[in-house]
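Two complexes, one shared chain (chain A), two partners (chain B, chain C).
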Partner chain A sequence: MRRSPAFEIFRYAAIALALALTLLPILWMVSMAFKPIPEWSATGADLTWIPRAPTLDNFRFVFGESTSDLIVALERTAWRPILASLLSAVFGTIIAMVCGTAAAYGLSRFGSGKNLPLALIQLRLFPPMAVMIPVMIMWAFLGLIDTWWGLALIYGIVTLPFAFWLMKTFFDEMPREIEEAALVEGCSRFRVFMKITLPVMRAPLASSALLVFILNWSDYLIALLLTTKNWVTIPVYMASLSSSMTGQLYGAKAALGLLAAIPPVILGIAIQKHLVRGLTFGALKQ
Partner chain B sequence: MTTIRLENLVKRFGDFTALKTMDLEIRDGEFMALLGPSGCGKSTTMNMIAGMEDPSGGRILFDGRDMNGVPMGKRGVGFVFQNYAIFTHMTVRQNLAYGPKMRGMSRSEIDRRVKNIADFLQLTPLLDQKSAKLSVNILQRLAIGRSAIVEPAIFLLDEPLSNVDAAFRAVMRTELKHLQKQFKQTMVYVTHDQLEAMTMADRIAVMDHGVLQQVGTPLEVYNNPANIFVAKFIGAPGMNLIAGELAETDRGLAVDLGSWGVSPPLSDDLAAAARAAGSRAVQYGFRPEEATLGSERKGLRARVTFVERIGARTIVHAESGQAVKVVTENDVGFSIGDVVSIVPTPAAVRLFDAASTAAIRGG
Partner chain C sequence: MSATETLPGAAAAAPRTIPPVDRESRRLGFRLTLPTQLLVLFIAGFPLLMQLYISLTDWSPLDGVGWWKAWESWNSFANYTDLLEDRRWWGALWRTFIIMLVCVPAEFLLALGLATLFMDDFPGKRIFYSILLMPMMVVPAVAGYMFFMLFQSGGPFNGILSALTGMDIRIAWLSDPTLALVAVMIADIWQWTPLMFLILLAGLVGVPEDQLKAATLLGANWRQRFFTIMLPRIKTIMVIALAIRVIEIFKIFDTLYIMTGGGPGVATETISVYIYKVTTQDLIWGYVAAIALVILIALSVLAVFAMKRMEAAKNGGRA
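What follows is the complex of A and B.
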């Protein structure tokens, strides 16, 4: 089919606009991360896309090194929040994926009725604020406030429905005959699950885990309510980067934002091959 | 090397009865085809033999041993699935070695068996390839190999050839038959393709709507269908059936076929059976291959509606109220609109009771 030139021009213009809307703010963040104070605090005609005097001062600043012209006393450096984010997001993802995958497999293969899966997804229909205050009280009773494991636990619980539903859809679509073929050979149910089902499902597993990880990694509300000092995460820490003198520390925030974008990007690239297959799993030849 | 007996086997899914009291004996070393249209209960029967589904009633016996409660891994059956069910994360070799490994065979024994089966199925050059990348034809070959390698006493195949292409299907029909000759397993083969059932099976069990219709050798079900369903289902095209009433003529008992005229007199055997059966309303049946076409006024009169040339033969469609087909030589001299006379071969005529649909059989 040949399209008219006018249509082609329109098509590419629309794509360019969509790309600009999504990518320019990110580029702006990258640019700001490398700008010294005068540049990131500039206004009007002084703003530039390319830093005129690129510097790593913003990075040095968030990691607590003294920098030449930014004299702000930081309550804490970025090291600890990065550790907090990594621990809580990684373990939260492990909890959600292990429990979600096991539950999804059980319900997909042996479950009857459809109410339980729906009950699980309706957990996501509550506005998080409605449940987070009670959770905060419970966590206080349990002594889990301001701990990375307390945060990991609630992350695991909150993202469990996602993990469950993604994996349930994949398990439902997986041809059961593959498992039956192994069962006929005398393989036990558990062994079939470990040696056949999970390896066959590694692409969907990888893409689900990535989605769950990104949800956990970018949480702000839960971490804001459940951490106070020792284990604040990157988003909470980022919000605190301001000073009475200069107001918001945009340069430092941009530097931290750039760092925070790295783990999901690395994970995404690492499992890219699986990601595409995982997202199109249903289209696999049967 | 096992006899399979199904006794009063029933399977219900909720309100739906997938299989109604089936009795069948599959003999030791026999190639039995379960043949029927989709939804006839053939796959359900197979799944119960394999142990994938539990019967709602009745028993399954292997050599007299009740299989109820025996898990599928302990039944000693091999199963080939329609969609191959290959372990795509493994190589061809790992797939083949899977069964022997699960049974705890020694390394050298596994290697020997993998080599033999790979040679037999021409998979040797592919042994170390990832199975995910193989073509559909090779996948099914591999699936057969993976089940055959442990030399199960019972080999179950669930429409194994319906996804592969036509040329390969012909090759595999021969290979499966060879495989069975070599290993002498009891084979149960589910298919909706009568060509597969006819060419490979020792006996065919024809099923419809959860009911076993007839069991017999391919020629038995072809020549002497037990009822109207089997008569229509077996054969391509199926048997011609014309509704009529028994009528005494001066040359003996015949069938009044209404606008077709009166049939030639029935053979003595069939006439005796029809008189004994007592029913007047019958279906008069004959195979499209068992009739001759002519223009003289002596057979069944009908108008040609279509001349279908299929290569080796020509199928003439003719109609007089109901349609019939006659398979003839290619040099057929008729064209659409001609009035023809169809003379069924007397020995090939079959009668069915119009009410019960059962065959009326002589002798």
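What follows is the complex of A and C.
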């Protein structure tokens, strides 16, 4: 459709405004991450938009270096929370993808587990806070409190609905001819699934796994409840960072926040195509 | 979408969607779904019974007895009747509703407006689109910290207001009960408008171009095209987008808790924050279990409803 020039001007103006509002909080954090301590809380007329003396001190600080006389070097550095976030999110993703993909195939091809779609929607619907009492009791009983594998297990369960629904829509769409040809050749159905279906579905599997990973990586509440010290994740660690001498460690937290925010943003852009499907449980496709 | 419209396609697909289910397939299907079934049972079956049991007692982890011995502090339905008179709980529920009533419509309208601007191609579309989606991918806790910084009394938000008005504005957003709630809502709108935008745009792009062209030829102006062609076509999609956001608002925690911790006082305490505080500070888990069960039952009803809408969307909304 042809548009009038007035419309084009309006469109670019509206989009420019939306972009500015979108980027403001992000850019402020990026800028803060590179500010030296004196610029952290400059206010009023001194409000610094772009760091006057950009520095990497904030990043060095969260990894344990002493960068200034004003703040004591951290006893517990960001390394371990990063490791905790990575391990729990990766293994949570593996649990969700393995179980979800298998179940989705079982339902899509053989009609098994007809109760799962509704059961998993309900699982997805519940506020995590409303099921955490039994989970905390069970995790304490099983010795899973404050372990990365305990977190990975609950992450796997919480994101299982996404893995299941996403893979189900992909399996539903996949043409059957390839599988049928292999069946005629005499392959068992399980071999067809492992050797034909899964390799064909490489790309959908990868984007589903990335979405699940982003969701696991983004958790704060569950880690806050199920970890105490040794395996706190990045968001929990970030929130707990403060110093008795300077109060809020603005720059250090911003540096950490930036590190935590980068992976999901990049991965999210990479799987843009499948985001709609993933987040609406396959009800919509792009 | 009527059922008759989908019939021809459904009939053609029928022979292929119902494969001959022999014993081998049935057994494999059972085995493939087993791990998921077990996980669902593990997280839903047993815990729900445990929750129900504890919710009828005054049990607390500080009691020094295991949860299975919670009957020692049996109190029948006292937790449920207490809930009716718990003003903090009603306040939290009410606040959650307010946030929903402000944020969901705001996100919806902003997203719909933006989505209509992105319907056809124009230079820069792809990169603008990617940037506009960024907020929803930022870790919510980090987003909370971003807005915590923005709303400091000497922070950039006041800085922009000062620059615009020429006055030195030092509003302490996060320590004023009303403004803290506003700040929390702004953060939610910032983070989740992109999700609505993404979904609505996917719907709008699916509106057939020729229908719009035909309408234009017949002399329909953009307003008529928008309200009589586009909106009806994406009705189901709008319902899905709204349902997702309504559900998510009930879970709101990360961003808000980092920004205000539910404060000042209880000014920004939502149901999730309230439950979190009772769980970790008051430690009356019997009571928490009762609250949680009430929420679970209410949301289960919603789940059945949402499920039906999704089925409806699948059968016709995308035609």
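Keep this in mind: the second predicted complex is superposed on the first by the 251 of 286 C-alpha atoms of A that agree within 3 Å, B and C clash if a C-alpha of one lies under 4 Å from a C-alpha of the other, contacts with A are read in each partner's own complex, and residues count from 1 in each chain.
Methods note: contacts are C-beta pairs under 8 Å (C-beta built on N, C-alpha and C of every residue); 3 or more make two chains touch, one makes a residue touch a chain.
The model shown is predicted, which means the values in this text are computed figures rather than measured ones.
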For A:S4, select first, second, both or neither according to whether it touches chain B, chain C, the two together, or no partner. neither
Per the contact definition in the header, classify A:A182: touching chain B only (first), chain C only (second), both, or neither. first
In the overlay, answer first, second, both or neither for which of chain B and chain C A:V200 touches. first
So which one touches more of the residues on chain A, chain B or chain C? C
Identify the partner contact of A:I15: answer first if only chain B is touched, second if only chain C is, both if each is, neither if none is. second
Chain A positions touched by chain B in one structure and by chain C in the second: 188, 285-286
The residues of chain A that touch chain B in their complex are 175, 177-178, 180-188, 196, 199-200, 202, 285-286
For the complex, which residues does chain A have touching chain C? 1, 3, 8, 11, 14-15, 18-19, 21-26, 28-29, 32, 41-44, 47, 49, 98-100, 102-103, 105-107, 109-113, 116-123, 125-138, 156-157, 160, 164, 176, 188-190, 193, 214, 217-218, 220-221, 225, 234-235, 238-239, 250, 253-254, 257, 260-261, 264-265, 267-269, 272, 275-276, 279-286
Chain C residues touching chain A in their complex are 16, 18-19, 21, 24-26, 28-33, 35-37, 39-40, 42-44, 46-48, 50-51, 54, 67, 113-114, 117, 120, 122, 128, 130-143, 145-147, 149-150, 152-156, 159, 162, 168, 170, 190, 194-195, 198-199, 202-203, 205, 209, 212-213, 216, 237, 240-241, 244, 247, 250-251, 253-254, 257-258, 271-272, 275-276, 279-280, 285, 288-289, 291-292, 295-296, 299-300, 302-304, 306-307, 310, 313-314, 317-318
Can you name the residues of chain B that touch chain A in the complex? 50, 52, 71-74, 77-79, 81-89, 98-99, 102-103, 136, 143, 146-147, 150
